[in-house]
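Here chain A shows up in two complexes: once beside chain B, once beside chain C.
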Partner chain A sequence: MKTDEKISVQPEDTRESVTFGSDRNKDFSKEPLCLSGKGVTRVFHTGKTTTVAVDHVNFEFHKGELISIVGESGSGKTTLSKILLGLLEPTEGEIFFKGQPRDISTGAKKKEYWKGIQAIFQDPFSSYNVFHKIDAVLLDCINMRGGKNLPKEKKIEMMTEACSFVNLKFAELTNKYPFELSGGQMQRLMIARIFLLKPDILLADEPTSMIDACSRATILDMLLNLRNETGMTVIFITHDIGLAYYISDSVYIMEHGKFVESGRPDEVMLTPKAPYTKRLISDVPKIHEPWDLSTVEIK
Partner chain B sequence: MAKKMLEVNQLTTKYITRQGEDVYSVDHVTLDIEEGKSLGIAGESGCGKSTLALSLMGYYFPPLHYTSGTIVVDGKDITGLDPDTVRKTVLGSDVAYIPQAAMNALNPTRKVGKFIEDVIRAHELPMDKKQIREMAEQRFAKLGLPVDALDKHSVELSGGMRQRVVIAVSTILNPKVLIADEPSSALDVTSQKMVIKMMKDMMAQGMVKSMIFITHELPLLYNVTDDIMVMYAGQIVERGSAKEMVFDPIHPYSRGLMRSILVPEEGTRDVKLTAIPGTPPNLKHPPIGCRFADRCRYATAACKVNQQPLLDIGGGRSYRCAFSEKELREVYEREDG
Partner chain C sequence: MKHTLKNVFHSPRFLVGFIIFMTILLTVLIYPYFVTRDPLQGLGKGFLSPGTYVSVYDANNTGTYRVELPEADDNRLESSLPVKDRQTMLDYLKAMGADVTGLDTSNENFHQLIEVWKANYSDADAKAKKYEGFSTQAKRNELRRLNNRLSTDVSVPMSVTKGEGDSATVSTVATSDYVKVTEVANAITLPLGTDNFGRDTLTELVKATGISLLVGLLAGSIATSLGLLIGLLAGYIGGVVDDILMFICNIFTVIPGFVLLILIYSALGTNSRSITTCAIIIGITSWVWTARSVRSQVISLRNRDHVNLSKLSGHSLGRIVLTDILPYIASYVVMAFILQVSSGILAEAQLSMLGLGPNPNELPTLGLMMNWSKLFGAYTSSNAWWAYFPVILVIALISFSLNLMNTGLDQVFNPTLRD
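Up next, the complex of A and B:
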């Protein structure tokens, strides 16, 4: 059955969409430094073997910049992210937070540091405390930002705002547990948490790898919106090269604990110089260029 | 015309939940694959891709149940057989299945060579140990896998290698249809490429006569399969050649999916990524009209109450929408400016 009706198009998402253009190619090198490291190294000793997971890496992350750290499994991405979060101590090298040497020697100092850096992890299903309802999760964030004594109405208003930022309805979420949501919704709730916490740095470790391609677009869009609105630095850790190319302002390619290449995504992804990057890019299936299967040896 | 390797007609299967509710996650699916061809299945999580893969084997175990329809593999109807017969005569020889977590499918206490023996024994083929070993060695050499892997335990192999071993073991009897459910999504790009290369080699050498490849990674699907079929809420919404589906989709849902593709190629950075708002419907209570109507930008009041049949427009293309191809194309053109 075919209808004779003319197609009327409904407006796209009502939410303001990200505007690219000049902003997409902004030069962040003039912005103040947010997080930087010199000669950061981490060595693991297991029995007689020694593994250098992160090997003398240098980096400079500027305020408001979206950085991607790209590498295959075992390249040291996760170790580096743990070092950045202060969950692991580097065996060598120094890290500077907002220009000052980072000091997380005591529990209280660590807590202070974590007000400035927050994370979203790969597996949303294991990121939440299963005994806490969603309101409690969000309320915790408000309390952490010093909003403990705010009137209840104000708190609800803030939580509603955070939820609507990620296209969730707070009224439908109250009295629910996080595990009642889908993976994409959970990850969005994580972003709502970050929206309330407003840290200086957000470290996102493969936040979309467990989510299908379609919800991935929504999450990336929200992360970009969050960055644009709050000006926070976002460190994106991923193995998805297409995604890193799309989202980031600068890209670091990691192999065996070292950064082999870094720079603007256009330079690194379209005209790679390091042999490792070249191989990595050529191994990604593309849609406009042919995917040459003969370049890979089965071994 | 090439011989049809797989013909599925109006296949419907359901899950029965613990509360006793029926969830039809494969709903009147009709498809066919010719010899030497491959078909990709795309769609969001929860749209019935993996359930379709399970249903196509003809091997049902609760909570999945067969309801109606036929599956014909190379002229042989495999529907309605009891599970034991299916296991002995269909799986492995007619239809082989590679599950999503195939890497973890190997028993850690046994050597790889033993798995091949198991397959032969399950099919009650008259072969002794030496012959099986010879056959396994030949197959591994042909696929470029090291022969000494046969004497290793699965823990001694890398993830990509394990995946390739599982594929080699499950196709040892030269199945007519290989169903691969996300065979490479847990792997690095390089290991992924090796897996794909091996699968393509198997097709070229006739070890596998036809293939169904399921993934939500559209650039991968585009490079691997001849045809792509998009599923939504248990139904097929569009089918066409890989090129047509990626560059010229007709159905609004397929168009939405194709717009979420991310590849490191020039120009893709400047295109705004668009997501389809909302979530797929709950199939416990499917919408009475078009299942995509609630999320569709072009839906009319009629769409929400009228179901649409899958319309064949020739050239191997079909789609399920109330609007004509021309109307949809016009509106897409207007939108793209």
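Up next, the complex of A and C:
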């Protein structure tokens, strides 16, 4: 495998076009509910130990909103994201999808639900089946959206459009395997996948944590563009409260499986109430200021 | 795929194993086209050592050529008097007190030895004096026969009767008359001699290798498919299905496989044990560890992001298992299959050796050949190494080559083992 031979695409560093921050004045509470939950709980039993990963959480995500769920490792973010995606069943509580109780009891119903919610995972390197070519990954999305019988030219046109949305050239990617791309390119391809699928909700589980800082800005920019263009709800799961502040419309702070604080980013970040939020904020290093480590808990 | 295959064939271990295995396999496949004899047909009685056997009858009726080998007479004498007999002669001469200085069993002193012998030996003398070491009747008879053989002059032409009845003609065969082996109507080369039934060991061995490989392949396929299916189901579905399947696995684990095999085999009776039955039984008693390891691999794979993404793409359980899980464990399954084939062949050999193998009247297997060698004393009384040693060698080579291929694959697929 020639790992050093990366595909030449347009430069990843397109920070000039990045417009961090969202439309802070927009009140999303007037938008229709996209996904909400009441008393959602998930308990794991391992031998004699019982772990409550998600503990009676309530949430309301509106259409077109960009929500950040912030918490440190082990706070239950990933478990919650799996519950939201329908990959894990909650032990207790109810989830509503577009105002209706979510029903994913059969394979067909699950399939229908997954047309409405899709995900981008943390590790782009393990997100792809290494035996499938990039074409197959994208074609799969077109087929899922009911484009199975479209003419070949139309499919190629759609794939080319999706790739150019994320600054990739489809002609250069065709017949290549995902592992022949760099991490940033793979994650952009994931966004291209979402572009083709056009779900109502996108759940991005730490999509930038495995990527270098320059590519990170590009990925975030693309996610925001995608949201603005399609009006989809984006649930952004991160451990980086600084990042959450810049991009979200609302923030949920998660500690030990519970939402300890939620609200607009300005409220939560500038006037934090919960001690955990205060700690998270103080843990963010600030340029031009000495880093205050006094609040860091050493376990 | 191409890249993986290239890597696999770059592994020296795999390559050596592959070459040995393919040589054995090709021999098994090609040999029957050259030797069409029935491998179970008896050619004679009992063990014949390896060599070329020429029909004396047909040699007489074959056109002769005149060949004059300078050392022909010497060879003839030497052949008529083996070293063992020469030693007996020396011993007798020493016992009767004759002068044996300068005499030994070598070819140079051959004529001298015969002269001294002729000067000293007489039947009456041997009978009367009863020299030490030659006091028994049997010993004296041996001496008499030896003496009679010496008194025939080997350089005299031999008369031979050709044909039968009225048309019979008597002709003489000169010492310089030779026949060409390929012109003799009936001559057979037995590179590995014959076994106790007088069967050509090589032909039988090739057939037996083929059958044993078939048993191994069938048993290996059954064990691997069963193990794979159970492992995939238990690992991917999990929950109660996993618990039940693992319970069955545990039961099979605690019962020693070989004991189970022996019990099933002896319960079946010889006549109902066909080759296929044997392979199936070996297969269904040896899937356990494949199932266990496949299960553990699937458990680690089922929560990977690419599997989750495949689920989110609405793929069915079958498709996820076939395209997102199976390819990831394919290398492992191939390795398990190779080991299962090897252990299948060994299991068959062990059972047959104990007399519990397939029906011996149908086809030979490597284990049955070992069993026959044991029963008919090939490695005790008959000292017929050719009846069992090649069998051991083939079993060892097959097992060795398969294990070598497995280690080679392990080296390719398991990065921590790479040099």
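Of note:
FYI, the second predicted complex is superposed on the first by the 267 of 299 C-alpha atoms of A that agree within 3 Å, B and C clash if a C-alpha of one lies under 4 Å from a C-alpha of the other, contacts with A are read in each partner's own complex, and residues count from 1 in each chain.
Heads up, the rule we're going with is that a contact is a pair of C-beta atoms (placed from the backbone, for glycine too) under 8 Å apart; a residue touches a chain by one contact, two chains touch by 3 or more.
All of these numbers come straight from a predicted model, not from anything done at the bench.
After overlaying the two complexes on the shared chain, residue contacts for A:L270 are found with chain B alone; chain C is out of touch. In the superposed model, A:N175 lies in contact with neither chain B nor chain C. In the superposition on chain A, A:K111 makes contact with chain C only, not with chain B. After overlaying the two complexes on the shared chain, residue contacts for A:K286 are found with chain B alone; chain C is out of touch.
One of chain B and chain C touches more residues of chain A, and that partner is B. Of the two partner chains, chain B is the only one that A:S215 touches; chain C does not reach it. By the document's definition of touching, of the two partners only chain B reaches A:Y245; chain C does not. In the superposition on chain A, A:C141 contacts chain C only, with no contact to chain B. When both complexes are aligned on chain A by C-alpha atoms, chain A residues 1 touch chain B in the first and chain C in the second. Residues of chain B touching chain A in their complex: 44-45, 143-146, 159, 164, 188-190, 192-194, 196-198, 200, 216-220, 222-224, 246, 256-257, 259-266, 268-270, 272-277, 279, 297-300, 302, 306, 308, 322-324, 327-328, 330-331, 335. Contacts from chain A toward chain C in the complex involve residues 1, 82, 85, 87, 107, 110-111, 114-115, 117-119, 121-123, 126-132, 140-141, 144.
Partner chain B is touched in their complex by these residues of chain A: 1-3, 5-10, 12-13, 17-18, 20, 24, 72-73, 167, 182-185, 211-218, 220-221, 239-246, 265-266, 269-270, 279-281, 283-289, 291, 293, 296, 298-299. On the chain C side of its complex with chain A, the touching residues are 3, 304-306, 308-314, 316-317, 323-324, 327.
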